[in-house]
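Each of the next two complexes has subunit A plus one more chain, namely subunit B in the first and subunit C in the second.
So, the complex of A and B:
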């Protein structure tokens, strides 16, 4: 049984301008102990999908269809109290911006301990010592002293470590990291990626990393899911997808990164802009920007098909071997 | 480098005073944002400037245009020291030196149409008649790949990539020969970044522009630059032609940056990962500014500040490890 299985998830937002289909039929599967990378451009629904898993979607947003099975339990069927135990207990989450996601008027130790107290029902003192333990696990030097410091006394990289410490304090089985390194400098980014890799090896924890940077995903992930306009266009083994991308969007995304494939050569671009999710696109969501689109792509909606071992993609032509 | 030197920067310094106290503020120190930087940019060439946040790269870019007044040093544009010019004398030169900003949301006035944004520099410098203006706007918009029929639209009606194109058209309006591009693609989506990079390269070829291209992304800098300068805590620690820098990075900091830059393929190029963070530029370390984080620091690094010295083929490095080879 897979650790997390998302089936046909649809999360829509009712706005005055119309319905925004932020997530529109997403299927995902994550085996325990593996790292899944969710890649895509801004507005493709990658964060909303993970917020749906955490059931943190606020009105006017609403999960309108689908099932989210975590260890076989449907998270969408849990009541509030049960969901609170899952959130932060079984599933930890790290957000992008470590500056705005920490409370500036509480010491970092208190913030980590608070999460532990809520989930493990233990005394303040025990929770505090567990908080220090969590800070040691993310390699914060002098954890016992630094736990009394406030967020502004830490650098960006250290704050992100604290966010991770908070997320793993209750020993979750799944850690969701939303753009964990985007706000950080290059050298600090490498530190955080190494930390995530070490934590996974030590704790047999599964990780989902949301990122717009294919290179970050390449470094960290076993599996990949490529998102576009609220759908998954391609998913499967990360190495296979990056070395031999199948979907025209994945190919274009990979080729538009400078330094690859060949410096000095002209970069391949994807024409146009990411779509506005209010207007429903008929046929394949990528067809207006696809360089290999056929006439039928504008009315034929592609079905996700398996192309090889555990790898599948949603492109009408690729599956027919006509690419 | 065969082309003539358009920009020559020598020992450029910018300190920001730090004060304390409310009623009687007194100076308690300086943030040494740029501390003795020298380099040249040839006409039609791109100098890439890389470094982590807070290393002074944006301050340097702005100081070059005198958007921030440098503390000392000299900046020559076509041989003329622009720091000695008065505001009035500076005006005609400002036409030749323009800037593109990072954030296409914050850098365009939301109450102005695209046409007004693009033509404002022309009005300010009073170099075009009203009759010709619309033609010129049309020309600039097509040049950067915008539809001229959208000239009457406001910034919010454009996507982020299109907005960045408006910013570029505005910079081009005065027909500059030098443009500072301060992280021009960092705020854009991956698929849009490539479009803007290609546009900048095309414009350079067409118009013979020189760029100072500021970025934290080594892959982008490698793609667009002829020469690259690596900055750390207000200093240039290494400067070299692009192939030379990426093939043979000399400074331990450059090596660490390259190792940290994620490539494709797992665990590829696992070089040393730097420990710690950037020290405060208010109180930089003694000796070599990089020594507290340097994996190869020696005794001499603690006390003696290495000079940026040229080794061969325009490859210059400021590191004691290499001073024996100079």
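So, the complex of A and C:
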């Protein structure tokens, strides 16, 4: 049994302009102990999918269909109290911007200890010492002293470590990291990625990393899911997808990494804009921007099909090797 | 060697600066504002003396001296015609022509002594005692601010009156803010229908012409009602009308704070709604709340004054600044016995101090 299995998830936002289909039929699977990378452009539904898993979608957003199985339990069927135990207990989450994700009026130790107190029945003092342990696990020097400091006294990288300490304080089996390195500079990015890798090795924890940086995905992930317009276009082994992408979108995405196809060449871009999610797109969601689209792509909706060892993609024409 | 020491020192200095907690930073900024610090000291003195009124006041609140109505203030002196004295003393006064005006009786000195025995009282309402901070031997009298028409010491009554006039604001504020924070926090955090219902209800409360409502309620209360009960009722009425404005502002702030990332982060940790409201949302409104408290306290004090002034509040013989001012309503009293305005001066000082303190707190908490 896989650790997390998302089936046909649809999360829609009811707005005055119409229904925004932020997530429109997503299937994902994550085996225990592995790292899944979710890549895609801004606004393609990566974060909304993960917030749906945590059931943190706020009105006007709503999960309208699908099942989210975590260790076989459907998270969407849990009541509020059970869900609260899952959040932070079974699944931890790290957010993009460490500058705004910590409460400025509480010391960092209090914030980590709060996460522990919520899930484990224990005294304040014990929770505090566990918070310090969590800070030590994310390699914050002088953790016992620094726990009393406030967020503004930490650098960006340190704050992200604290966010991670908060998320892993209760030893969750799944850690969701929503663009954990986007707001950080290059050297700190590398440190945080190493930290995540080490934590995974230590705790046998599964990780889902949302990123729009394919290089981050390449460094960290075993598996990859390529999102576009609220759908998964291609998923499978990360190394294989990056070295031999199958879907035209994945190919275009890989080609637009600076200096990757041929160093010194003009940067390749994907023409057009990401679709407006209010309009229904007939056929393949990517066909208006696809360089290899055929006439039937505009009315034939591709079904996700499996191609070789655990890889699947949603394109009516392209399959591996055809390129 | 020296250079290394200096370098060490400067590193230490920067470390100290960066590690100042928000509280320390606030204290530092606040202490630079002279007016606010002065106000804080004045208010501290006022509240302390209200607390210890029985001890500091030389006479009981209702101790009458029928021989000396409208006595002018008696100053404590160190010297008179016969020269200087090593101890402060007061003179004796005799009533002169008619009922007004008292004349100094020459010669006799009554020395002011500390910790004298006098009227019985209960310190802090608990410890029975008859020691007073200062006083003079009978038949001398020490009326620092004169007496009223029953010959009661105004200085003592101002102190006793402060107990009511100053505490009514505090108690009122506590009730108002408790309701305002809870209601505003819930309304802002949950939003939607809950928010709509609560806000429409608070608008209903705000639409009441509050002062007339209070007047009406106080007017229907039986006259024989105990003063302390009347006092409690007054606080309740004042604060059950005051919470609505507070709740609206808190709700607005919570509405914006709940969109911050750290609230989502807290939710992703499985923190309960109640805990998010009380630990993440409301503490972030604290700078507003502190300022609002200091700025709205005068409203309660003035509310009590207005009610008592109209005879609807605290009843004689209990003293409050409002009902003491009531005695100074007509022009004859004002021109002949200006010391009857002493409670007015106290109100002025208190309200001004609260306003200056509020401004200072705002500047220190929110330097923008």
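Methods note: the second predicted complex is superposed on the first by the 318 of 323 C-alpha atoms of A that agree within 3 Å, B and C clash if a C-alpha of one lies under 4 Å from a C-alpha of the other, contacts with A are read in each partner's own complex, and residues count from 1 in each chain.
Everything below uses one rule, namely that contacts are C-beta pairs under 8 Å (C-beta built on N, C-alpha and C of every residue); 3 or more make two chains touch, one makes a residue touch a chain.
The structure presented is a predicted model; accordingly, all values stated were derived computationally and were not measured.
In this superposed model built on subunit A, subunit B and subunit C occupy separate space and fit side by side. In the superposed model, A:163 makes contact with subunit C only, not with subunit B. Put simply, more of the residues of subunit A are touched by B, taking subunit B and subunit C as the two choices. Once the two complexes are overlaid on the shared chain, A:93 sits against subunit C while remaining clear of subunit B. For the superposed model, the angle subtended at the Cα centre of subunit A by subunit B and subunit C works out to 80 degrees in steps of 10.
Touch criterion met: A:239 reaches subunit B, while subunit C stays clear of it. Of the two partner chains placed by the overlay, only subunit B lies in contact with A:212; subunit C stays clear of it.
In the superposition on chain A, A:72 contacts neither subunit B nor subunit C. After the two structures are overlaid on chain A, the closest C-alpha atoms of subunit B and subunit C sit 9 Å apart. Common to the subunit B and subunit C contact sets on subunit A is no residue at all. Interface of subunit B with subunit A (complex): residues 52-53, 159, 161-162, 189-195, 197-198, 201, 216-220, 222-224, 256-257, 259-267, 273-275, 277-278. Residues of subunit A that touch subunit C in their complex: 54, 56, 59, 84-89, 92-93, 95, 97, 100-106, 111, 114-115, 118-119, 149-150, 153, 163, 166-167. Residues of subunit C touching subunit A in their complex: 18-19, 21-22, 191-192, 260-262, 264-272, 275, 279-280, 283-284, 286. Chain contact summary for the complex, subunit A toward subunit B: residues 41-42, 155-158, 185-191, 193-194, 212-216, 218-219, 238-239, 242, 252-253, 256-260, 263-264, 266-270, 273-274.
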